[in-house]
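A, B, C and D label the chains in the order they appear, each numbered from 1.
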Amino acid sequence: MAILGATGTVGQRFIQLLENHPWFEVAEVVASDQSAGKSYAEAVGSRWKLPTALPQAAGRLKVKRAGAPLRSKILFSSLDAAVAGEVEAHYAAAGHLVSSNARNHRMEADVPLVIPEVNRDHLEMLDRQKYRGGGIVTNPNCSTIVLAMALAPLHRAFGVEQVLVTTFQAASGAGYPGVPSLDILGNVVPYISGEEAKMESETHKILGRVTKKGIEPADFALSANCHRVPVLDGHLVAVSVKMSRKPRRRSIADAIRTFRPLAKLALPSAPDQPVLLRDEDDRPQPRLDVDRAGGMGVTMGRLRPCDVLDWKFDALAHNVIRGAAGAAILNAEILAVEGRL
Amino acid sequence: MAILGATGTVGQRFIQLLENHPWFEVAEVVASDQSAGKSYAEAVGSRWKLPTALPQAAGRLKVKRAGAPLRSKILFSSLDAAVAGEVEAHYAAAGHLVSSNARNHRMEADVPLVIPEVNRDHLEMLDRQKYRGGGIVTNPNCSTIVLAMALAPLHRAFGVEQVLVTTFQAASGAGYPGVPSLDILGNVVPYISGEEAKMESETHKILGRVTKKGIEPADFALSANCHRVPVLDGHLVAVSVKMSRKPRRRSIADAIRTFRPLAKLALPSAPDQPVLLRDEDDRPQPRLDVDRAGGMGVTMGRLRPCDVLDWKFDALAHNVIRGAAGAAILNAEILAVEGRL
Amino acid sequence: MAILGATGTVGQRFIQLLENHPWFEVAEVVASDQSAGKSYAEAVGSRWKLPTALPQAAGRLKVKRAGAPLRSKILFSSLDAAVAGEVEAHYAAAGHLVSSNARNHRMEADVPLVIPEVNRDHLEMLDRQKYRGGGIVTNPNCSTIVLAMALAPLHRAFGVEQVLVTTFQAASGAGYPGVPSLDILGNVVPYISGEEAKMESETHKILGRVTKKGIEPADFALSANCHRVPVLDGHLVAVSVKMSRKPRRRSIADAIRTFRPLAKLALPSAPDQPVLLRDEDDRPQPRLDVDRAGGMGVTMGRLRPCDVLDWKFDALAHNVIRGAAGAAILNAEILAVEGRL
Amino acid sequence: MAILGATGTVGQRFIQLLENHPWFEVAEVVASDQSAGKSYAEAVGSRWKLPTALPQAAGRLKVKRAGAPLRSKILFSSLDAAVAGEVEAHYAAAGHLVSSNARNHRMEADVPLVIPEVNRDHLEMLDRQKYRGGGIVTNPNCSTIVLAMALAPLHRAFGVEQVLVTTFQAASGAGYPGVPSLDILGNVVPYISGEEAKMESETHKILGRVTKKGIEPADFALSANCHRVPVLDGHLVAVSVKMSRKPRRRSIADAIRTFRPLAKLALPSAPDQPVLLRDEDDRPQPRLDVDRAGGMGVTMGRLRPCDVLDWKFDALAHNVIRGAAGAAILNAEILAVEGRL
């Protein structure tokens, strides 16, 4: 495996999450021109912001320049959007399979935007890509993933018609240095550039279906309202939803509990219970629930009737693991199971 | 004036806000049995949590026991809900006019629940109360006020039909000691006991109308979703609203800008512009906007179309000033202007 | 094993840390009268504030009343200081060995106050206790442990003469509900009741030596300056120290690196490197270093000359693990190794 | 007056503090090349991070390029250190009197580093500067000011011999964007680049005395230990001090209370009580004390014996007002009173 954009917030998570991965091993790291030529440990330096130590093997890897030839078939990309579009296309054209967390290719017609539990079938779009022997698969934006995973069992079982979502997003979602402390200490910022449009279009694509012409997006109404809060990790979303069929609470709980589409595949990064519905009044909370299932679990709670739409609830996931690095790794795992590596 | 419940978070704000009030002077303070007999300065001690010094005149007042005879006509109450119901009724029956921030009497049929800019006409319910010579007027819960003030100009001009609101509420809303730091440092708690029901019922009452039979609540659908965030002061709400008439952005902005129903009354605590709509992408923010107009102003922003209802926006106000102590003081000011003192 | 005071912040950590302990198993839980008779899961309810799930086996245990007969030889105590003195003495007199985190017995002449890496020899005081067949061993206050462990290798090698310590203490050190959020959000509180005296007297006792007459405390000058900061877990201390011998930096680093007195004992909770000296400019930091060695490691950094005393440095440890529950467990492990169980 | 570096964190404070200043008016603003030519309101845009509105008069000023000719005699400088050295010297040579918050010239032999309450007599160094008709006067670093003001009455009365100081510094001290939120949310960073050396050398210079050869620095031992904490505004310092004479608590309190060297000058920005010693156990606190005297007051507390040096205490001041913009303004006020404008 190679990591593109290895020194950033998400790149570091790739390094951390892959340290003891049973299938994948980090063999190459790619970063900016300033880092190229240095060891990864040297390049990342004091920007390593994880509470676990930098893995020694990764630390010794020599950083390559973006565009340099790579041996690895699978590339995990957390490149900055300023360069991701071109660099990822370059590597895909050169025969690599790029599992990308960058936003650049997500909405392209022939690029699958995948959450394995939700729309694994979209991977067939890879066969329609222009890249010979290579390809690009993307995972959604960190806030989209929480919403899409919470909606997936409801949409499948009851037909989602309208969704209103308000987010409480963690600082790590903006990377490093990212959000200045003067903006967020004891404060809420009711704006994240481009986030609402991404949540809306990406969720529609993910919950859409594959047709001969491409992916037909889901057509329910969706309105997103994004906020940054002084939380380190964990995007919380408050959701109200209207559904075609009018399920009772018990049916909804059943739909969530039985939503385990990857259960038999034994993927290393897939949680046993991808979406867990809690019954307590005051959950999910970032501090208590963000690390469920190694940061790959979505936790729901506060499911109750909504006087405007039908039901309302909260959902939470780790924005850098389930919402970014872990998402791209899980995508690679499902590609492996499908024999696409 | 007398302050009932003078040592708590809201009680301290009464003392602070009234220090230099041109019309009212704090002459008596009432608190719990432990405090009774002490000077106010002694009773409040290190629980004084405001960045301004305890006013010296108030500090010298001798604290009275709840139920003790009082000379003041106007009583401001921030009593704990455990005792407010009975104590306030006692004083009203004794001929005092109680301007209360406690929740106990808010939803009673003959008790006006008033925001002067919004439903000043509800004060006539005072004439129907059983208390001879006295009465009880209440202000809403701290999160209700932000919502009701933001909705008022829209409801008046365009007829509100559906409202979905998600709150970001400050720690001071729970008083002192209130929210334990282990619950809120770097965290969001998606639950505040009783808050959602209060926001819904109180907003309906405030935006309702006086009839012969009493106050007929507004009948639009309203769904509240309450969260505590690590902010000291300032409740932020994210709102989506559907209206009967389908106004353009400009009409909404005009309705808000011209919503100045108290403009000619020169009330000391009434802001010149009660609701201010800002055009920036990233406002309102608690840190930057909470103290507008001495903490009495509501600041709106991010007005934009909603793909589910019609429009969405954020609104913010200081929960302890506009949302509690300042609200009760403004109610007394309007009572004064109406000759009801 | 039994846990006394099992529902509090430290009690929960006992339950968490012992879930998979290779030697010890939680068989009994003791808590307040309100909890007695309930299952532990029911008794602790929503006060379970750890990000890991409540262990199921512990959750099923029926909570006993303080003073009730217990089968377990070893009792871990995190009782509130209001009751710990009497209850612990009761159980010790009944033949139990109490490993206590409570402050009550710490400074008693015949009670060892032990950090196994530092003063394991003080355990012989157990033989002088009045309790037949039972006994009480204590661990220090959470801030003392960080300081004492950082000083131990220096004192042993170079003779500590003067110590000035300023602390940055986490909110969890005060338990739950503990520090009100209004006191600590975006704030520093320069005072923790009783903390400075405890740091001073406990450190002297721990670094003292066993004599026929009892423990003779170390006699260097020590001045503590305690502060609460808005951090969840992890007490950081900034220390200046004067030593009899005047070591160079390299000698100090060697003394710390080779300070591994338990290395050969293979205790489950003892870190391989109990005190780790880092070379970076900006470490230790609570967020990055608090969980080193499962929260049992002390991390030092910023070792540099001091213009007033000789050297200055920072040190950090997890206040609830190394500083409380883990400390008591490690004490029980060393007792086991010494054949005192 | 002109403001050099008007768009940054300190520059904005100049604009805010001078809005209603009785003596000075902002007539010119200078900023970087990107801002030059725009109105100040346009140039600062959403980087205006103060809770008070941008003053309209200042907002309309056209931003000038650094080095452009200026009409104002007095220039307040909060230029970035990368350019301040040269630009300030340029303007001084051109006949302007520069009151600078930048660090560049502070330690130069002929540049006074002044806190008017402490070393007003150092202003005579202006007469020895090479700048004809112009000059440079500097104020200290934001953490130095807190320490130097707290030490000044003690040094004068009792002769300071040794000082150990540990700081708790606010995020605003690093400007904007400054400290990344990922570094400081729920964390402490035990390092601020260059800060400790500045505190030591600047304090010595300020408490030094003017001789024929220049300023002879004070020669007591001083050791600084700097930390960043998650606080917005307000640097807190914990200090231990040894003094030649051995005062009692009462004498110290008297020395602080009577330390009012500017009392008769009626300077607009000088607090009535520059250093206030509080008796409570738990003060000063940033949240409660930072705005004392409009942010110009230093608040001390926790004065108690130190077992290593003689006495220890905490002190606090607003780092952007007393520690930066307000400091430079006060320096200009004292220059005015001395007839140096």
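In this text, a residue touches a chain if its C-beta (ideal position, glycine included) is under 8 Å from a C-beta of that chain, and two chains touch if they have at least 3 such contacts.
The structure displayed is predicted, hence computed values, not measured ones.
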{"item": "Any chain that touches subunit B and subunit A", "value": "C, D"}
{"item": "Which of A-C and A-D has more C-beta contact pairs", "value": "A-D"}
{"item": "From subunit A, the most remote chain by mean C-alpha position", "value": "D"}
{"item": "Between subunit C and subunit A, distance of the C-alpha-averaged centres to the nearest whole Å", "value": "40"}
{"item": "Centre-of-Cα separation between subunit D and subunit A, whole angstrom", "value": "46"}
{"item": "Residue numbers of subunit D (touch at least two other chains)", "value": "49, 185-186, 230-232, 281-282, 287-288"}
{"item": "Subunit B residues within the subunit A interface of the complex", "value": "162-164, 166, 168, 186-191, 193, 200, 221-223, 225, 227, 229-232, 236, 238, 240, 281-288, 301-302, 306-309, 312, 314"}
{"item": "Touch list for subunit C against partner subunit A, complex", "value": "46, 49-51, 185-186, 232, 280-282, 287-291"}
{"item": "Contact footprint of subunit A on subunit D as seen in their complex", "value": "9, 49, 171-172, 176-186, 230-232"}
